Amino acid sequence: MFKNYLKLTLKVLMRRKMISFINLFGICFTLTILLAATTIYTLMVVSNPIQKNLSNTLILNQVTFRDKEKQSMSSGPAMPYFIEKCVSPLKSEVKYISFCSAHCNAATIYLNNQRIDIDTRETDENYWKISSFTFIEGRPYDLEEIRTNPQTIVLCKSLKDRIFGEISVLGKTLKLNNKNYKIIGVVNDVPAIYKSAYAQVWYPYNYASYVSQVKDKNFNSWMYQVQIETKTRGSFDAVRKHFNQEVAKLTPPERFKQTEAELESSSQFVFKSLNDRNQWQTILIAFILLFSLLPLLNLTNLTVSRIFERSSEIGVRKAFGATKRQMAMQFVYENVLITCLGGIFGFIGAWLLLKGIDASGLIQLGNVNFSFRVFAYGFLVILVFGIISGFYPALKMSKLQIVNSLKGGIQ
Amino acid sequence: MIKLTNLEKVYSTSTIETLALNKVNLHISKGEFVSVMGPSGCGKSTLLNMMGLLDIPSQGKVEIDGSTVEKLADKPMANLRNEKIGFVFQSYHLINDLNVVDNVELPLLYRKGVSGKVRRQKALTALEKVGLNARTKHYPTQLSGGQCQRVAIARAIVGDPEIILADEPTGNLDSEMGSEIMNILLDLHRNGTTIVMVTHDETLAKLTQRTIRLFDGSVVN
Amino acid sequence: MISQLFKILWKQRSKNSLLMIEIVFSFIALFVLSAAVIHYYKRYKEPLGMDYKNLWAIHVEQDWNLPAELKLTDSVKNIKYELIKKQLLTNTQIISVTKTGFNDFLYAQSMWTSCINSNNKQYCYNTFSSDPDFAKTTGLKVIEGRWLMPEDELSTTKTIVINQRFKEELFGKGPAAGKTITVKEETNSYPIKIVGVYEHLKRQGEFTEEPNFLTEAAPKSQKYLSYSGLLIRLKEPIQADFEANLVNDLVKFDKSFEYRIEKVEQMRREYLLTELAPLIIGSAVVLFMIVNVMLGLFGSLWLNISRRKAEIGLRRALGSSSNKVLWHILGETYCLVAVSVIIGFIFSMQLFIYNIYNTPVSTLVQANLVSLGLIIVLCTISAYAPARLAASLKPAEALHEE
């Protein structure tokens, strides 16, 4: 039976090539956009080759102090004292706690009069455990090294190649901001969209300064973003609750009465920064969603139009014993086949688009293979498209009298 | 085989009510070849549609093979059409996207437990009966009117129905082709199939066992 | 004629409703997109106020993590900045140098915003300090009064210059130079004296809105840090090794700071790109979606006409010319567009009412007109081929189909 429908669907597709092209184009394009967007979303929010457990990770990106009347406030990344007081107590309930500079710092070096801009980041030792960097040579720094030998760095491969060429650089020094750093590791490049993992040079936080700031209860260095890798996503609530208790216990700095801080999931973190940056981006996302409905409408509309064309076929099939249900199934099945075909082109299109984006350097993605998850979502979208677009016409059709459809007039 | 009791059909739109059939009582026995004649709009086709379960009567009873059918649900009604009845239409109603043999196989698609092999075999046999076994891979658009109607007859008989309902099967054909088609129907009749045929052609009607004349929705015998 | 077209539209409403939804969607999409484009274009036409070519920003900062004993006090830093400025001026490549707080805000997210109350109204503005050479170095145009002078740094009243936009908000068309306004803070209030007005200044490139600006002179006696770095204007041609040498010289001159150079021209280019990127991506998506809608319209009209061959044949047989048939089909499409645009307009009116992005009403009106025009053009394009097909049908063959 289904083999027969398959044959018929292909025949129908070939018969009205223009209409088929319109349908396939729409589905293919929509799916390309949706798949590309989902892939990028997954890389940023769920998991990527470096941040494998993003979905289990909570991020503290902003601490806000307010006065009683909520008139003035002071807000920014977390400071060492806050981390020690409010985050460290969570240690026993989570896998890792790590902090790093909230934003990359720009550094410039001049190599044979050529300017090289470098994004640098201060990190602690757990930073290397939360994210799985690929070390080409050397190793990351540990707490002992941070304490005793703070002038060490890890750098990314492309930067190493640019400065030193294709040689081993372990133990060599690099001069940054007038200070000499010893290179102890080289890692593969990290794409900038892997927000917390991205930098070109990583170096240890200043241990002495950190300790003294904690001791002095200093609230002035707004510097660090905290990543907390929990054991499971299910423990988010418990961790947040404990954290909120610790925040409530904290005595805010002078002038202020109230402390606000939130542990954000990776999606909250990414989308907040999107919203802050540009309002149009929100509209854009809404647009893409809204407009992915258009090909669906097109397909439905054209299928309905086609029912008129094929009314004789419907009448005959019914006359020879097809039930309403079987007829409805035929239309749904046909549309699912068409959307699947469009879907295959969509998968190819999305893959090419992502490759293109990656190659153009506009957004480095690092990994353009579809994860199983994205594949499943894409397939789900295809199915939903096919079923919905086939269902509405099928519903209309099943209401038809056989006699009328044989006459060919369904007004 | 087919028994109609006090059958009435009213077509109603919001403004007009048309009485298409008026208290028709009719009995067609097993193996009979009956022709239905009458002027345009007298309700011939409506009568045939009622017998074929393509349309539901407004009043009255339709019995096929002893069981009342007009109140059946969609599924058993569809099964009944599939197993007992074969249709031949004036304008053939072949599916242009399918080739000849696929068109003929169609009724068997809706029958449970018929494998692809058996379907193909039965379709080829039916095509042989109508003398078209040389053109199984052609498409309807590549055939003449007479050939199309022979494909349609093959489709009607492929499921071995007890009843064949033919709505002006020769209406679109010239007399030579028409008589060819008539010969096939007569052959089927000889093999025991019940046939009801709507026609305009007196000479064809004379070849049948009985002619029912309709006028304004009533039988006028 | 027209009422007949609407009658057909109404009779086939269930069939047309899907098409109508698509046209409504496209209208809204075109509206939002054209509003964005018009908005950006208008901003782009407003002058930048500053000449970014060969203008470099030098960030002069101390390492955050320095031990306390090595950290310089603000007043020492103020003196050191002056010394660095003098040192830079010895370089023949450099035309002029200004010490300023503007560097931190140039193409950056952060900004220092304050508000003053005057005449029971609140006026908010962006503020930074700079020295008397700022206007000369950046190319600001002073249109009233004068720029800050060295004597302003000795004055006991705070001396400021403001931009034209701020002046108009405060004083309307009247003069501002020489006027004094009073700033009230929680505990104290003090007068500030306006000595001049400059024409324009945008800090984040052409696509952003010019804020109210207030530039103040930094009194010599001031204890806190006034500046975050320097801006320098260079003479062309600039040698390849100039930048590296400049940084080297600065490091040699004073080792207590870290120096980072940013070229304003390059910052502007990068910032414009990030501003434009969503617009470009948005246009691309809308374009493809509109193509989709056009194809959909085309497809369903095409199917519609092959189904209506008999009706069209009848119209021809009854004496309708082929031109009339063409216009009949186009007319049907326009009716569909008219109804859809009215619905779409109701949605776009929501944007008028809420006006979430503070877009001027004129922009919204223009955007409505532009998207209306575009929709008509696009629908005509996609309806034309089916309409031609219908018009070219011979009455005889069209009727024969049935």
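Letters are used for the chains, namely A, B and C, taken in the order the chains are written, and counting of residues starts over at 1 for each.
The definition used in the following text is that a residue touches a chain if its C-beta (ideal position, glycine included) is under 8 Å from a C-beta of that chain, and two chains touch if they have at least 3 such contacts.
Because the structure is a prediction, the values reported are computed rather than measured.
Taking chain A out of the picture, touching joins the other chains into B | C. Taking the mean of all protein C-alpha atoms as the reference point, the chain centroid lying nearest to it belongs to A.
Mean C-alpha positions place chain A and chain C at a centre distance of 27 Å. The distance from the centre of chain B to the centre of chain C, each centre being the mean of the chain's C-alpha atoms, comes to 73 Å. Averaged C-alpha coordinates give centres for chain A and chain B that are 62 Å from one another.
Considering their complex, residues 16, 18-19, 21-22, 25-26, 29, 33, 106-108, 110, 113, 115, 177-178, 206, 208-209, 221, 223, 278-281, 283-284, 287-288, 290-291, 293-295, 297-298, 300-302, 304-306, 308-309 of chain A touch chain C. Taken together, the chain B residues at the contact with chain A in this complex read 49, 52, 54-55, 74-75, 78-79, 81-83, 86-87, 89, 93-98, 102, 105-107, 109-111, 116, 155, 159. For chain C in complex with chain A, the touching residues are 15, 18-19, 21-22, 25-26, 29, 32, 36, 63-65, 67, 240-241, 243-245, 247-248, 251, 255, 258, 260-261, 275, 278-279, 281-282, 285-286, 288-289, 291-293, 295-296, 298-300, 302-304, 306-307, 357. Note for the complex: chain A touches chain B at residues 1, 3-4, 7-8, 11-12, 15, 312-313, 315-326, 401-403, 406.
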